[in-house]
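Two complexes, one shared chain (chain A), two partners (chain B, chain C).
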Partner chain A sequence: MAKMSALGKVKLFTPLLIQCRHKSKHFIQRPRPSHLDRRIFEAVTVPLLPEKIHDPYANCPRLRRRLQAVKEDVVQDEMENAYENYLMGICRRMLEENRMIIAFQLMAMSTREKVDIKRQLFLNGLKLKFVSNAIFSDTKWINLSPLLCSHNAYVVSPDVDISRVIKLTHKMPELILLGGLVNDQLFTREGLQRYAKLPDIDVLRGQLVAVLNATPSRTKSLLEHHQQTLSRNLDQYVKDNTEKS
Partner chain B sequence: MALKLCSRLNIKDVVCPAWRCTSVAGFRNWKPLPPPQEIEYPKYSKWRLKFVERTPQPTGFSGKHLKMSKRLMDMRGPEEYHTFLLHKQFGIRAKMGGMMHWGHMDMIRLTINRKMDQSRMFAIWRVDPPWKPITKKGQGHRMGGGKGSIDKFVAPVKAGRIIVEMGGDCEFDEVFPILEQVRGKLPFKAEVVSQKMLDEEKAQEEYVKKNNMNPFSFEYCLKNNMMGSRVWSSPYDFFWNGKHR
Partner chain C sequence: MGGLARALGLQLKRVDLMACTQITYSFDPFAANVKSVRQFLFALSPTKTRSTNYNCSYKIDVKSDRSSPKIHVKFVDGHEAIFKTENLSTYDIVRNFNQLCEQHSRKK
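Here is the complex of A and B:
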């Protein structure tokens, strides 16, 4: 009867007969759904919590992750990385040992193509290296820094032979010449190309000697010129007179 | 994640021809792993779920198994004691009451023992082997003639009870798929829990208790017969404040 009274609260229409089934036993795993009164009661007694204030630092996962990354990087910089130091040592040694360092920009190419290029250069006694400009700070190579943006490649060799490098890389459209450092001297792209066209140093020395010799010989000839013409004229004169007589 | 576009040393260089972008494998100085937390391993040598007997030893005076009433109270309401993780790692928790018979126990044992790396992980039972006799009348029997014979033994479980526990030198992501597979096959709703989740739950409960702005709690309203709740409420509502039925 209690149930009936609960159901009959809405008095708009009162049926003559109300059926209400009472199960004999409670089924634990599937309890009967709550009736309206109980549902209202449950909804009213739900705990009310204060609304949380929006805190972007606490709620934005992206921001949180970035802050964490910054914090980690600071920690990383403080920590000494032995492996990084080892690789830095290799790079520094490479720069110190090689007298010719020529920078190239890399165009898009597959790894296979890159390997082919590397091999061709290696067969000619040259090496293709990839170095970031981070290690050049506070060294004598700091002046190279305009060439060290992005991820450039460097052709290095202990012997200076620019013409060979230019000749080889002329056939490689993937490598674009930027400039270089030869015998501790910076070269632009044009400078390198001009350098490459120059003949061998012995020939150049010969030419220099020739140039140097040219001036004294010319002075000598200029000084002797008048005397020679006079003697030549006198000779001619003597010859003419002897023929007449 | 290991790839980091960075201005550090770059040795490896991959060029993608389709997009003309250079992705660079940089260095990430991963922090050393934290030292392993102190894990309390079980005392016995083999860290695997032990075989569960299908029937318990007969306790009756006559050497026979005694029949029992249904005692639905064994599965009704919240678990009072076995609600925490002994080893403070991972486990399965029942969300509602139910009965586990020998088949379920064997399924859990075989699945976990097969999938678990027993050299570094362990699993323990947190429920007793089946002890409660369930009677059943054979098929095609007429009603009457007294109580039926014992069909099987079960282990009753209340809501919130930990059923198995896993742990050792492992992480939640490692253990979760194993326990999840077991969880889905249990005869009641259950969930995979870790100690962290339990702690958070507890903290949330405390937070709700502290910051609840609703003065009308379920308990208070029921006690004072608000909204005529005495009409429909059951004694179990007074026991468990509407959380279990």
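Here is the complex of A and C:
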């Protein structure tokens, strides 16, 4: 009984206001058209803003910089050219110092293979260079222009030793011999191979001297030939006659 | 050039040498219009492309007689194709090469 009396003392919460909606649910996807006056008022007071055009320059700083560069082309050109000239100077000096420049068609290869090839050539006193084709324009090396398309590599050296280059690159399938510039003279692939087979310059000079000497000595022997035979015959004749008598 | 370079890249991704047994590139570097052959040769040289068929051999014939550039392709089914590339762009060569490879492959 004690429990029942305890329950009777509890005060239940009763709110003062209770909200309830007796209309149908509000349909958000297709709202009801508003009142005519309101619609007219809204139509009249719509702001007339200019149409927004997408401007890539507004969002992209790189494009903005480029646009600025185009506007101020004089300053930008000078700035760029200074650095380009510096790089071109290095390349041109490299080309001027080396008397042998041999061009190769490059095949796709990994950096490791490239380094291996570079090292192998370097150990033999040769250097592998990768130069942009644009470097050669307006220089004396423009004669190489037929070779200057696609991917090129150049083996350069101050000393002329083509046979060594051909022997080394023969085992490298990544490098295909195209031609070259040796002692300011253009060579095709066949020409280079023929050049490589030639012996040393001193041997060739010796051969030239021998050839030059051969002609006069032959002329001399031809001129003397008849007199010698005549004198020999006469000697024999004299001998025969003295023996008989 | 941007669109053309992209198209060329897409064509090069499709290159499959399964249908070829030998490709011979012959060109004289001092002759005119050899750029397309040399670019095609470079484009088909990566290991990824070569790995599609290791039995396909490349033969590179660098001439010195100013002859016009040529690519001679031998297919597995005995057919042969010659590309005279003097007036062809790299894209033209690769596209036609892919078409021919599809025609002559044994997968069909």
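Heads up, the rule we're going with is that the second predicted complex is superposed on the first by the 163 of 245 C-alpha atoms of A that agree within 3 Å, B and C clash if a C-alpha of one lies under 4 Å from a C-alpha of the other, contacts with A are read in each partner's own complex, and residues count from 1 in each chain.
Keep this in mind: a contact is a pair of C-beta atoms (placed from the backbone, for glycine too) under 8 Å apart; a residue touches a chain by one contact, two chains touch by 3 or more.
Computed from a predicted model, the values in this text were never measured in an experiment.
Chain A is touched at more residues by one of its partners, and among chain B and chain C that partner is B.
Of the two partner chains placed by superposition, A:D159 touches none, neither chain B nor chain C. Legend: residue contacts after superposition of the two complexes on their common chain; A:E224 is shown touching neither chain B nor chain C.
Using the contact criterion defined above for the overlaid structures, shared-chain residue A:K114 touches chain B, although it does not reach chain C.
When the two complexes are overlaid on their common chain A, residue A:P146 makes contact with chain C while staying clear of chain B. In the superposed pair of complexes, A:E96 makes contact with neither chain B nor chain C. In the overlay built on the shared chain, the residue A:R38 is in contact with chain B alone; chain C does not reach it.
In the superposition on chain A, A:D235 makes contact with neither chain B nor chain C. Applying the stated contact rule after C-alpha superposition, one finds that A:N81 touches chain B and leaves chain C untouched.
By the touch criterion defined above, A:P47 lies against chain B but remains apart from chain C after alignment on the C-alpha atoms of chain A.
Residues common to the contacts of chain A with chain B and with chain C across the two structures: 106, 108, 110, 150-151. Within the complex, the chain A residues that touch chain B are 2-3, 5-6, 25-26, 28-29, 31, 35, 37-38, 40-42, 44-50, 72, 75-76, 79, 81, 83-84, 87-88, 91, 106, 108-111, 114, 130-135, 150-151.
Per the touch definition, chain C reaches chain A in the complex via residues 28-32, 34-35, 38-39, 41-42, 45-47, 60, 62-64.
Those residues of chain A whose C-beta lies close enough to touch chain C in the complex are 103, 105-108, 110, 146-147, 149-151, 176-179, 188-191.
Per the touch definition, chain B reaches chain A in the complex via residues 7-11, 13-17, 20, 22, 24, 27, 29, 31, 72, 75-76, 96-98, 188-189, 207-208, 211-214, 216-218, 221, 226-229, 231-232, 242, 245.
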